Amino acid sequence: MDHEAYHFRIMQKVVEKIAASPRAHEGVLRLISDYQKVRSVTETICSPLAIEDHQIQSMPDVSPPKWHLAHTSWFFENFLLLPHLKNYRVFHPQYNFLFNSYYKTVGDHYPRSERGLLSRPTLQEVLEYRHYVDEKMGHLIQGTSDKEILFLLTLGIQHEQQHQELLLTDIKHLFFTNPLRPIYHSRDLSEVDASSIPLQWVKYPEALYSIGHQGKGFGFDNETPLHQIFLPSFKIGSRLITNGEYLSFIEDRGYQTPQLWLSDGWDIVLENHWKAPLYWERKEAEWQQFTLAGTKPIQLSEPVCHVSYYEADAFARWAGKRLPTEAEWEVVAKDVPIDGNLYESGILEPQVAHPSPRPPSTLLRTSSPSRGEGGRVVQIFGDVWEWTQSPYTPYPGFKPEQGSIGEYNGKFMCNQMVLRGGSCFTSLSHIRATYRNFFPPQARWQCTGIRLAEDVC
Amino acid sequence: MDHEAYHFRIMQKVVEKIAASPRAHEGVLRLISDYQKVRSVTETICSPLAIEDHQIQSMPDVSPPKWHLAHTSWFFENFLLLPHLKNYRVFHPQYNFLFNSYYKTVGDHYPRSERGLLSRPTLQEVLEYRHYVDEKMGHLIQGTSDKEILFLLTLGIQHEQQHQELLLTDIKHLFFTNPLRPIYHSRDLSEVDASSIPLQWVKYPEALYSIGHQGKGFGFDNETPLHQIFLPSFKIGSRLITNGEYLSFIEDRGYQTPQLWLSDGWDIVLENHWKAPLYWERKEAEWQQFTLAGTKPIQLSEPVCHVSYYEADAFARWAGKRLPTEAEWEVVAKDVPIDGNLYESGILEPQVAHPSPRPPSTLLRTSSPSRGEGGRVVQIFGDVWEWTQSPYTPYPGFKPEQGSIGEYNGKFMCNQMVLRGGSCFTSLSHIRATYRNFFPPQARWQCTGIRLAEDVC
Amino acid sequence: MDHEAYHFRIMQKVVEKIAASPRAHEGVLRLISDYQKVRSVTETICSPLAIEDHQIQSMPDVSPPKWHLAHTSWFFENFLLLPHLKNYRVFHPQYNFLFNSYYKTVGDHYPRSERGLLSRPTLQEVLEYRHYVDEKMGHLIQGTSDKEILFLLTLGIQHEQQHQELLLTDIKHLFFTNPLRPIYHSRDLSEVDASSIPLQWVKYPEALYSIGHQGKGFGFDNETPLHQIFLPSFKIGSRLITNGEYLSFIEDRGYQTPQLWLSDGWDIVLENHWKAPLYWERKEAEWQQFTLAGTKPIQLSEPVCHVSYYEADAFARWAGKRLPTEAEWEVVAKDVPIDGNLYESGILEPQVAHPSPRPPSTLLRTSSPSRGEGGRVVQIFGDVWEWTQSPYTPYPGFKPEQGSIGEYNGKFMCNQMVLRGGSCFTSLSHIRATYRNFFPPQARWQCTGIRLAEDVC
Amino acid sequence: MDHEAYHFRIMQKVVEKIAASPRAHEGVLRLISDYQKVRSVTETICSPLAIEDHQIQSMPDVSPPKWHLAHTSWFFENFLLLPHLKNYRVFHPQYNFLFNSYYKTVGDHYPRSERGLLSRPTLQEVLEYRHYVDEKMGHLIQGTSDKEILFLLTLGIQHEQQHQELLLTDIKHLFFTNPLRPIYHSRDLSEVDASSIPLQWVKYPEALYSIGHQGKGFGFDNETPLHQIFLPSFKIGSRLITNGEYLSFIEDRGYQTPQLWLSDGWDIVLENHWKAPLYWERKEAEWQQFTLAGTKPIQLSEPVCHVSYYEADAFARWAGKRLPTEAEWEVVAKDVPIDGNLYESGILEPQVAHPSPRPPSTLLRTSSPSRGEGGRVVQIFGDVWEWTQSPYTPYPGFKPEQGSIGEYNGKFMCNQMVLRGGSCFTSLSHIRATYRNFFPPQARWQCTGIRLAEDVC
C-alpha cells in the first residue's frame, strides 16, 4: 500500500565512521552539496509541469507532484529542524497533518487517497515552504559535526531521491490518464530499433555466499545484516526480456491461459481486463506505447517495462524458466560498477542492451557486465527494476529499532516482492547491489521489468 | 444523479412571439446584452479562486469550476456555433468528448466522476476557449432574427445561469473539504443576530386552481402545460424554518429517533452519521457553520440551510406538520413580485426574515409577501430552495420533444423531489413562481431549506 | 428496500362497525375461519419445497421461505398474544430478535441481508412455532368481542396474505438462481398460444373524481382518505401489453437506445446488462421463459411480466404512449367486480386476455371488464400488477398514527412507484380497486406488467 | 483465496515404489481400507448437523458442509472414475459444474461465493452421489495395480482429509454466526484450568541443514525437493503461547498500538474492529470463547487459537521476539514422533501443554518433545497450526508438472504464509514434519496459533 515507504534508514554506524574520521569535514561539505543538488533536482523534475498538473492524483497509489514537493520538505522540517534547530518555527501549523505520509507516532495524517483534493496550499505556497526549509537547513548544517544530524541529513537526501523516482512514475501515470496525453519532454522517437544482444544463460556455482550491506557507504537497514546463504548452482539470463519476447507471450495467448498464472494474478487479470503491459495500447494492428515523450510504436528490442510481478511470473512460466531470487541477483551484481541507463542519462526510458556499456550512439547506454561461467550479464543497473521471486522479508538477525524514524522498519515486510537494480528513473548515487526495492505483486506503474533465471539440474 | 441537468428548454412559442413582434429587434439587443452579462458573471464568480481551486472535484456530485467554465462554452459551441455558424471550426477536436455532460445523442462523454483528474486543458486554455466562443457567438448573433438561434441563445443563457448556482455550491463544498478552509469572500460575520418575525399559519381555500407556465416570458418545458388541479384548503408557514427551530429538533434527539424518518432516510442517516445539516460543526458546546466567508457561530434566526429532503421531512413530522406540495407553493407564490435575497444581493447566505422586504440594514433583504387568510407569507424567492413533498413528475399533458436539445425532457423525472423559490445563489432573472428545481432526496450541498404546511380539517 | 412492508393497517372504524352490529358474532366467526384458512394456505404454498429450499435468500430483496413462515407467526405473537393473552409465554426468547422485520419500536432485529445464514431454528422448529401460535390464538379469539383484538386479527390475516405473494415470488427467484432449475408445480406447458383480444383505447371524460377508500370493507390506511382529484380526459389501453408487443420493443433495440429511458433507468440497464424481462433467457434463436412449472418458449399473446418500472416507462415512450396515473387506473377499476386470474385460479402465471371473463377453456381466465367510451377494459384484477406513473405519496389529509403498529405508516413513501390490480399470485380476498401496492422502480422479481394510457388532446 | 486448495499432490515416485515392491498387494489393501475409513469419517463429522446446517456459507472463505460432501466425491469421480473406469456414467451431468472447486482445465465452475445458494441437490441427493461414487470406486480399485490409479487414490484420500479439517473449521464458523449458537458436540467445559509448563528457550546451532520431503511415505510436491539451507543459530519457544500470555498483550493495548503491527495488518485491525482473537467475546468483565461444545470462559493456560498472521506477528514484536521460519520449525520437528492433540483425540480444542505427552487425565494430550540445547520443545504436532514468518514460496528446484491434477502446483505461492504442525482438527495420518500448510495473513477461522523464536546474538 504505502509503496512510497521505501526502506529509508541509513546505517548509523556508517555515519559515525565518516564523522569520526580525519576527513570528517570533507564528508560534511559533500553532504551539503548533495542536499543542495537533491533539492534542486526535485524542482527540475517538476519544471515541465503546468500548475494544474501538480495536484492530480490519478489513482490511490499516485501522489500529486505538489504533495511530493511538500512532503520531502516536511521530512526535513519534522525530523531535523524541529528537534535540532533552536527556536525553529514551523512554516504552517497544519502542514504536519497534511504532509506526514504515514508516521503514526508523529500524529494523525491526512488520508492518502484524498491528496488530489488539496487545492490549498497552492503550488506557490508549497515552493515558499521548500525555500523556507532550505534556508533553515542551511543554518542547521553550517559547521555542524553532530552525528545524529549528519545521519538524518543523509537519510533525508536518500528519502528525497526515492520521491524523485515516484514523481516521474506518478507524472507518467497522470499524463496517461488525461485523454489529451500531454508530453513531458521532447525526444526523437523515430530512432531505428537497434537489435539487442542475444539472450544467453550464465552459470554461477553452488556455494555458501554472503549477501547484505556492510561497511563501505550507505545502506538502508533492510539491507542488513550481511549474512550467509546457501545457494544451489543457477543460471541467469544475460540481459533483460525485450518487448519482442513479451509480445510472443501475448500472441501465444498468455493473457488468456489461466494455467500460466498464479491464482491471485489470474483474478487480477480478469478483474482489470489486462491484455498487455501498462501503457501499451492497440491501435488497429499495431501495439503502441505511451512514454514521457509521447506515444510511439513498440520497439521490439527494448526491455519490456511496466509489468506486474504476476505478469513477470506468468511470462517466466510460459518461457519454461523462473524469476531469480534476490540472493541470486545480488551474487551476480555484487562486483559490477554502478553505471547504466539511470536518471542521469536523461532518456527516461529503458534502452536496448548493447554489447558495450558506452556505445557510440548517445541514445544507447548499457550497464557494465558481470562475468559468470559462459558469458557476461548486462543491464544490471538502470533501465528497469527487476522483479525477483523473493517476498520482502527481514534478513536473519534484522533488528527493528526505536524512535520515530525507525518506527516502521519492518512495517512493509508482508505481501510485497523484492525488486533489484534501479531503473532509468533512479539516480546513480542512489542505487547499489544490495538495494532492496519492494512493491505489491500487482503494482505496475513503476518501471518494472523481467530478467529470467533457471535451475541447474 | 445528473443534478446539473436542470430542465433547460425554453418554450419555443414564446421566442417565436418575441421574434415576430414589431419590437423584435429590441428583443435581440437585449439577448445580446444578456449573453454578455451572463458570460461575464460566470468569470466573476471564479475570480476569487486560485488556479488550483479550479480543478477540484470534492465529491462525484460536484464538478470542478474549470469544468463548468468549459462546459457552458461547449453548450454554445455545440448547439449554436456548430450547426448555425458557417465554416465554424471547433476550438479543439477533443473538447466535445471532455465537456459534454450527458447528451448521449451528441456522442460519448468523459466519465463524470473523473472530472477532477483533468489537469489539461489548463485554466488558461479554458479561458481562451471561452473567449474564442464569445467572439464567434458575436458573429452569429449580430443581426440575426432566426427564431431557432434566438431560442437556443436564450436557452444557453439560462443554462449558464444554472451552472452559476452550481459553481457557488461546488466552490463552497470544495473549500469545506480542504482542512485549511479557504475563504471565498470577506464579510463581516460579527453582525448581531436579528430576531425573525414570528411563524404564522396562513390559510388558502379549497378550489380548482391553475398551475404551470404559459405565455408571458420564459419557462422550461417541465413547467408546462398550464393545467387545473383541485386542492383542499391548506395552511402554509409564513416564513422559513430557522436554525433555532432546527436546533430544537436536534436537541430533542431528532437524529436518533427512527420513527421520525422515512425508511430510506433513516438508512442514510446511519450510513453517513448525520447529526446536523451539512456545514454544521460542533466545536465543544457550540455549533458552528461554514460559509463562503468563513466559519461562524450558528445564527438562530437565520433560515436553516443545507438539509436534505429526508431531514426536511423528518423535521416536519417532528413538528406535527408536513411539507407543502409544489401546487400549494405555486398557489401561494403566483402573484408575488420577484425579489428577495438572491445572488444579486451579494450576501451569499440566507438571511433573517424581516417584516419588510427592504429593511433599513443593507445586510437584510426579504422577498415581498404573499397574502392569504390570516397573514402574509415572506421569503418566497431567494434565501433557500424550499423542499416540497412532491416527487418530480410530468405535468398532465406534458409532451416529450424531438432532437438533441429536447432529448431528455423527462429523463430525470424519477427519484427526485421538487424544490421551489430559488436561493441566495440564484440570479433574479432566472427565477419565477412556476420554476421547478429538483434534486434527489439525499442531496444537501445545494442551498436547500424548509417551509412547513398543514391540512385544514 | 423493505418492500415486504406493505401498508398493513386496516381501518379501525370499519372493525368497530362490524363488532358493534347485531351481526357481530357472525363477523367473529368469519374471522376465525379466515385465520385458519390463511394459516393453512401459507403452509400449502411451501409444501412442494425441500427442507433445503426453505432457507435460501437468493438476493437481498428475497427472504427465505422459512423466514416468512416464522415472521408471519411472530406478527401474531408480538401484536396479539403478548399484549392480549394473559400469561402468554413466548415460544423462544430470541425469536423476537430473529423474526421482527423492521419494527424499530419493538427492539433490535436481525439484519435483513443475512436471513439466508440462519440454519437454526430448523424448519421443524419453525413449524412447531407456527402451531404453538395457532393454538394460543385459538384461546385468544374464542368468544372475544374486543374491537382491538378483532382489528389486529384482521390485520394479521392481511399481513400473512401479503407474505403469501412474497413467498411465491421469492420461491420463483430462488429456483431460478439454482442451475438445476427445480420445478415448483407441474403444468402442461404445451398449450396452444391463444391469440389475445385486440388492443383498443377506451376514453374517460375530464371530471372531478373521487378516489380512495371509505366505508365498506377493509382498506389499509394508505388508501385513505377518500378525496377529490381533477383529471383531464384520458384514454386507457383495453388490455395488458403482451410478450409479443414487448418483443417488438426488444427487437427495435429498445435496450440499446438511451433516449427511451429515464436517466436512472439507463444506468441500471447498463450496470445489470438487462436485455429482456427477468426470467427471459435466449436459447439460440428463441426466447424462453422460466416459470414455476419450468422453462417454456415465450407465448406471444400472454401479458409481459417481470419488468421494472424503468422498462415499463421505456416501453411506453417507445410506443408513443405513457403509463396511467394511479388515479386514472382507479377511476377505470372502481366498479368492476373482483375476479380474474388470481391465486385461486391455481395457474400462477398471467394469462391471455380473453373476450369473456370465464372462457370455455379452464386454462384461461380474465377479469370482468370496465366500460368506458369506445370499449371494454379487461385484465384489471389479477394476472400482473400494473405499474402506474404515480410515485407513492400520501393522499391529501393522510394522517400518520401512533403506536407500534402504526409506527411506519408513511415510512416507505419515497422512491417507490404505485402498482395496481393484483397478480396471479394475489388472493381474491386481498385485492380491491383502491389497493395501493408499491415497489422501487428497479424491482422486477414481483409479477409486474404494463398497461398503457394516453392523453386526449 | 482458494484456501481449500491445499497442496494436494503426492509424490508419484513414492507410489511407484509401493506398487513395484513385493508387498504391493498389501499396499493396495491398505489403500482400500484407508479409502473406506476416510469416506466414513467425513460423514461422521457431519452427523451432528441438521439438514439445514449443511448448506450455510457464513462467509466467502467458508463452504457449506453439503458442498464439501459433494466436492470430495466429485474429486474421485472426475480424476479416477471418468478417466479410468470403463463405461462409467456420471451421476449427474451438471455436478461437474457445481462441484469443481477451481480446476480451470476441467471446465467452468460455479462461483465460489454463491455456494450457499444451492438448495438443490438436496443433502439426500448428495449422499446418494457419495454412495454411488463409493460403489464405483470399489469396482475400480478391486485388484488393480495400476500405478496411476493408486497414486490418484492416495491423492484423493489426502484431499478428503484436508476437507475434513475445513469441514470442522467451517461448521465452527457457521455455528458462531447464528445468534442461537448451536452446539456441535457435548463436552464437560467445567474442567479445572491446569497450569501450563513454563516457557523456555531451546537453542539450535548454526549449520547447513537439510529440509524438505524425500523418500519414505507420502508428501505433497510443495514439500520437495529435499534441499540444503544455511541457518544461523536460533532459539525456539518450548511450547505454544497461551491465552493468558495473549491476554497480557490485549491488556497492554496491543490492538491500539500501530507501532506493533505490519502496515497491512493495522489497516485490517481498523477495518474489522479487531479487539481479540476470533471467537473471543467480552461478557462484561470476562472474556469468553466460543467452541464446538459451546461458549466457555477463556482458559488462561490453553494455547491461544484463531489468530491471524498479523496478530501473531504483532504479538511477537510486543514480546520482543519473532516468529520462527519454516526451516527452523522443521529442524526442530524433524525427528519427533507424530502424536499429540489431533483429530483422533476427539477433543476438538487445543489443550494445555503438559510435561508428558500422555498425561493421566484423558482430557490432556501433548505431543512428544523435541530436544535442543537447554530443554524440550512440546506441542509440535496438533493443537494449533503454528504461523511461521516464511511466505509460501517454491523450494529451490521445485518443478511445476503437467496435466489437470498438477495444473496448479505453484498457483497459490503468493500472498500466503506457511503454517506448520497440524491442529486438533487434523488427522494423525495426514500430518508430518515436512507438511507445509498456508493461508493468507489475515485468515483466522482456521485453528491457528503462535510459537515464538529468537536470534542468538
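Order as written gives the chain letters A, B, C and D; numbering starts at 1 within each chain.
The criterion applied here is as follows: a residue touches a chain if its C-beta (ideal position, glycine included) is under 8 Å from a C-beta of that chain, and two chains touch if they have at least 3 such contacts.
On a predicted model such as this, the values are computed, not experimentally measured, just so you know.
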Intersection of the contact lists for subunit A and subunit B: none
Those chains which touch subunit D and also touch subunit B: A, C
Winner on C-beta contact pairs when A-D is weighed against C-D: A-D
Most widely separated chain from subunit D, with each centre as the mean of CA atoms: B
Whole-Å gap separating subunit A and subunit C, where each centre is the average of the chain's CA atoms: 62
Inter-centroid spacing, subunit D versus subunit A (mean Cα positions, whole Å): 39
Gap in Å, rounded to a whole number, between the CA centres of subunit D and subunit C: 50
Residues of subunit D whose C-beta touches two or more other chains: none
Category of the chain touch graph - line, ring, star, complete, other: ring
Pairs of chains, among all present, that meet the touch criterion: A-B, A-D, B-C, C-D
Interfacial residue positions of subunit D with respect to subunit A in the complex: 1-2, 5, 102, 104-105, 208, 227-232, 258-259, 261-265, 267, 309-310, 313, 317, 389-391, 393-394, 396-397, 400, 407-408, 410-415, 441, 455, 457
Subunit C residues within the subunit D interface of the complex: 50-58, 66, 94, 97-98, 110, 116-123, 174, 177-180, 182
